[in-house]
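Have a look at the structure that comes next, please.
Letters A, B, C, D and E name the chains as they come in the text, with residue numbers starting at 1 for each one.
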Amino acid sequence: MNLGLGNLFWVVLQRDLLVAMRRWSDICNPVIFFVLVVALFPLALNPRAEFLRALAPGVLWIAALLAALLSLNQLFRADIEDGTMEQLLTLPYPLGLVILAKTLAHWLVTGLPVVVVAPLLAITYHLPADAIGILLLSLLIGTPTLSLLGSIGAALTAGLRQSGVLLALMVGPLMLPVLMLGARATDIALSGDDPTGPLYLLGALLALALSLAPPAAAMAIRISAD
Amino acid sequence: MNLGLGNLFWVVLQRDLLVAMRRWSDICNPVIFFVLVVALFPLALNPRAEFLRALAPGVLWIAALLAALLSLNQLFRADIEDGTMEQLLTLPYPLGLVILAKTLAHWLVTGLPVVVVAPLLAITYHLPADAIGILLLSLLIGTPTLSLLGSIGAALTAGLRQSGVLLALMVGPLMLPVLMLGARATDIALSGDDPTGPLYLLGALLALALSLAPPAAAMAIRISAD
Amino acid sequence: MARRRGGGFREVDLLTGTGLTLWRGANCLFDALSFSAAPGNALLIRGPNGSGKTTLLRVIAGLTLAEEGEVKWNGTPVIGCDNSGRHLMTYCGHATALKPELTTMENLRFFARLSGYPIRQIGELLVASGLAACADLPTRVLSAGQKRRAALARVFMSGAQLWLLDEPQTNLDSAGRQFLERMLQEHLAGSGTAVIVAHQSIDLGAAPVTVLQMGEAA
Amino acid sequence: MARRRGGGFREVDLLTGTGLTLWRGANCLFDALSFSAAPGNALLIRGPNGSGKTTLLRVIAGLTLAEEGEVKWNGTPVIGCDNSGRHLMTYCGHATALKPELTTMENLRFFARLSGYPIRQIGELLVASGLAACADLPTRVLSAGQKRRAALARVFMSGAQLWLLDEPQTNLDSAGRQFLERMLQEHLAGSGTAVIVAHQSIDLGAAPVTVLQMGEAA
Amino acid sequence: MWTWFFQLASPPHFYRMAGSLVPWLLWPALLLIVIGSWGGLVQAPADYQQGDGYRIIYVHVPSSYLSMMVYVTMAVAAGIGLIWRIKLAHAVAASCAPIGATFTAAALVTGMLWGKPMWGTYWQWEPRLTSELILLFLYFGYMSLRSAFNDLNQSDRASAVLALAGVVNVPIIHFSVLWWAGLHQGPSISKIDAPSIAFDMLWPLLVMILGFTLFFLGVLAMRVRGEVLEREFHSRWAQDVLRGASPMEAG
């Protein structure tokens, strides 16, 4: 078993991306869901420009959070059901690294597309350009944190059936600070102030999640694969 | 095989409710998800009373729709995975009726609780009492339609893995008229006008869905169980 | 473990397949395959892994469409959107059709109510299948063999004239296999019909057995 | 089908379980169970359905926690949050660990890269396991027996010294069972260790076999 | 110290200890709550702004404080159980959840009842209120996760991970009044150096808090006893207990 750790990370990442490419709907679905949620509001509500603009940071961030929640459900599920997880668990490698690779693959496939289309949708909500920049930045820092936090919940519920909503229930509260900071930063930018405060905090959360979530998820997955 | 059709309906309904009761989180989760989504908006946005009041019909209806979408994912999935669907498919009974029973059980377990807590949340959004009444009524007519429409999508995607978002994508557009009418009715009531128009339309949609969705879902399920 | 059905089967209780053809990708699983099985007979489908046995059984059950040809049971085609042709047929595939949340008893009770099997006799059946101790356990926790036994108990309860069993011996210990064989012998002796996919040998007693050998593996 | 590993095994390649106790609900699956298996030996776990064979195998793999007692492999406990104790052990349960979306080849290539098996030899292995025709099919469409063969090919590729196999003969035809037995014999002859759960008979050639009989079913 | 700890962690021992502890917790709790209620409802003067309406504080503050205290207890117990694999700790964590959820619900309800006269609305989407609601959800999430697994061992460990991850919510609740300007009262009694509340009003509150805490510990001990018995159902001592013998005789 002469596989370096960097190599291990790469092999797992590559495999997960390959699986995702085979089911291209994996890549499209979260982002389309995101667009759907964002598009629903002007339909269900009054679509006046200033109203929409005030709504934009909240709606876009909430939609991003919901898209993340929904797709997280699948993060480890397939691996547990088809027995791949048993194999990964008995490998002589640190499990946290495997989990990190899987989470990164997941973010690349589901989170990144959301970050990319968000500015386009923000334009339809009449958001000014500098606020869009901050929105983009906050999503770019915030959504990986969402994926990482979600990986803990996904690991805990991967063996269960009706996990979609249970997962939302469990990690929703954990994701709340990210949501509030992200929406806050955009809101501040919208009112013309300096949003670096919340952005730094978002960065700190990302660093925290990056170091704590993979081991926690590793522990959780050992339990749910039992 | 001397089981009457009413009896068949009842046997299937009863079994599904029993399964749901065994996992009581099934019953709590969609409604808690609903509460979570409704609670997120005031956090991510500006929680001024008049702003929230204007937001309320849209947010409550969108949250109800999302809760329905999320839970629909599971409607037939378990049955296909554990082989129960093969058994139901080879029964000498009309499949549409079985599907109708399963959909009803699903609505009782996931839709009804949402309808019940919605008025409470509406209070927190400072909605006046008569608008709350209309909201309740529109949800009561509208959410069964959502479940019925969703059953078609759930049937089509039940054999697939990453179906959550695909389902949202497929039935989301179908559910849109329900959402718009429901939010509209509440909105009209909020501005003091007569909301019977959209409510009648909602009723018509329910009747339509009730007669068309079960056979369509039955056909779909035959395809995805192949 | 007395059978519920009173009388014997009618003369038309005949299973026939004619000219069945099915391709999967570039593999022809079967080409113009025909067979028939009369009441009291067993049709044993044999063949190497991947030769299309499971697929054929699903075609017979009406769960999968053949590209050409037709399967008839009691003179009516099994395929079609009405379920009338499926009358009195039961399929038991790799999946066990047990709800993990419900207990063994509750699971079987559901199928008993669907097929009209007397609820009071389920207890007896559980004893016969060696599941008495698991009656009140959620089936989620059962072992692989226990699940298989419960699935076989369901087949027995269905009271169907035609049994379609896909590798029913999977995961069974020797006592379980004996239970299966006893059940099958009784079914065939009561002039039922059975189509069985099996890799291992299976003792069907005095019943006439037709072996359907499927082609070489792809 | 040449083995990748060059040298033999060290003397310490010993599997021991001591005082293992596990309750499931009100059933005691095993109580103060001990066993050991030396290099070149096979441990055959037998017992009726529901007697805890699968559970024991998962305990040995470190996938399930025993309430008391300890399993050691090479002198280190298999349980613990670091994976060092799992060194060179492979588990093959009821699930096949194949991604339905990937082809057989892609699936095996992933495991080959994880275990350092030469990618070039996968083709040979596919031929030996009778899967040559399925190499480029997504494993979703494989038959039950073909999936099992692919899972066994993975076991072979792992190059592990300890093989843990749960009913490896499931769904296999006779050619498949022969492939399995040949593989096992070769592994044992190369002084590997194997723990096998089986209901059917299995021919392990000249290797010394210890039978571990599990208690009566619940 | 350590031997004592491990002895305590042995289920039969704990069962017996907790059993004898329960009356020593619950009776004083009752006494304190009666005294506190008397002090709060009768002895304390009416508030010059709020009249008698403020008296709900004597239920609101203790239950709010306990809603968080119980969560911390639960998380600590879960952490101990997870790290040192002590089943008793898991039993403690599992028993905390419904109690904590009840206190949280009580805090929400009393807060809402108080909010109507004070703020003119039952509910306001405001940081402290919202984070308290989320705490309720966390309790629900914890309990539904527990019930979702079939194996006790598994649900113990899985729910422990969740309890630990959710502990970040507690400081958020506590500091939310400082971090975000909302409607809710700032710290008035927890500022130990200079409590901004009259002593006549303060002492019944402190008595109530102590009473509620003892009540919590008493109920916890009772619940853990039940939980331990259920878990050790197959063991000899549990069978003896169920047959009516004392667990000590069983060894």
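Some points to look at:
Assume contacts are C-beta pairs under 8 Å (C-beta built on N, C-alpha and C of every residue); 3 or more make two chains touch, one makes a residue touch a chain.
Values in this document were obtained by computation on a predicted structure and should not be read as measured data.
With contact taken as defined at the outset, subunit A and subunit E are each touched by B, D. Set against the C-alpha centre of subunit E, every other chain centre is closer than that of C. By C-beta pair count, the most extensively touching chains are A-B. With respect to subunit B, maximal separation of chain centres occurs for D (centres as means of Cα atoms). Spacing of subunit C relative to subunit E, judged by their CA centroids, is 55 angstrom.
Here the CA centre of subunit B is 36 Å from the CA centre of subunit C.
Subunit A and subunit C have Cα centroids separated by 46 Å. Mean C-alpha position of subunit C lies 31 Å from that of subunit D.
Multi-chain contact residues of subunit D (touching two or more other chains) are listed as 24, 65, 94, 100. For subunit B, the set of residues that touch two or more other chains comprises 23, 25, 29, 32, 36, 41, 43, 78, 161.
Residues of subunit E in contact with two or more other chains: 134, 137, 140, 144, 148, 151, 153. Pairwise chain contacts in this structure: A-B, A-D, A-E, B-C, B-E, C-D, C-E, D-E.
Contacts from subunit C toward subunit B in the complex involve residues 61-65, 81-84, 86-91, 93-102, 106, 110-111, 113-116, 138, 151, 154.
The part of subunit C that touches subunit E in the complex is made up of residues 138, 140-141. The part of subunit E that touches subunit C in the complex is made up of residues 150-151. By the touch criterion stated above, subunit B contacts subunit E in their complex at residues 23-25, 28-29, 32, 35-36, 39, 41-43, 47, 49, 52, 123-124, 126. Contacts from subunit D toward subunit E in the complex involve residues 23-24, 26, 28, 65, 67.
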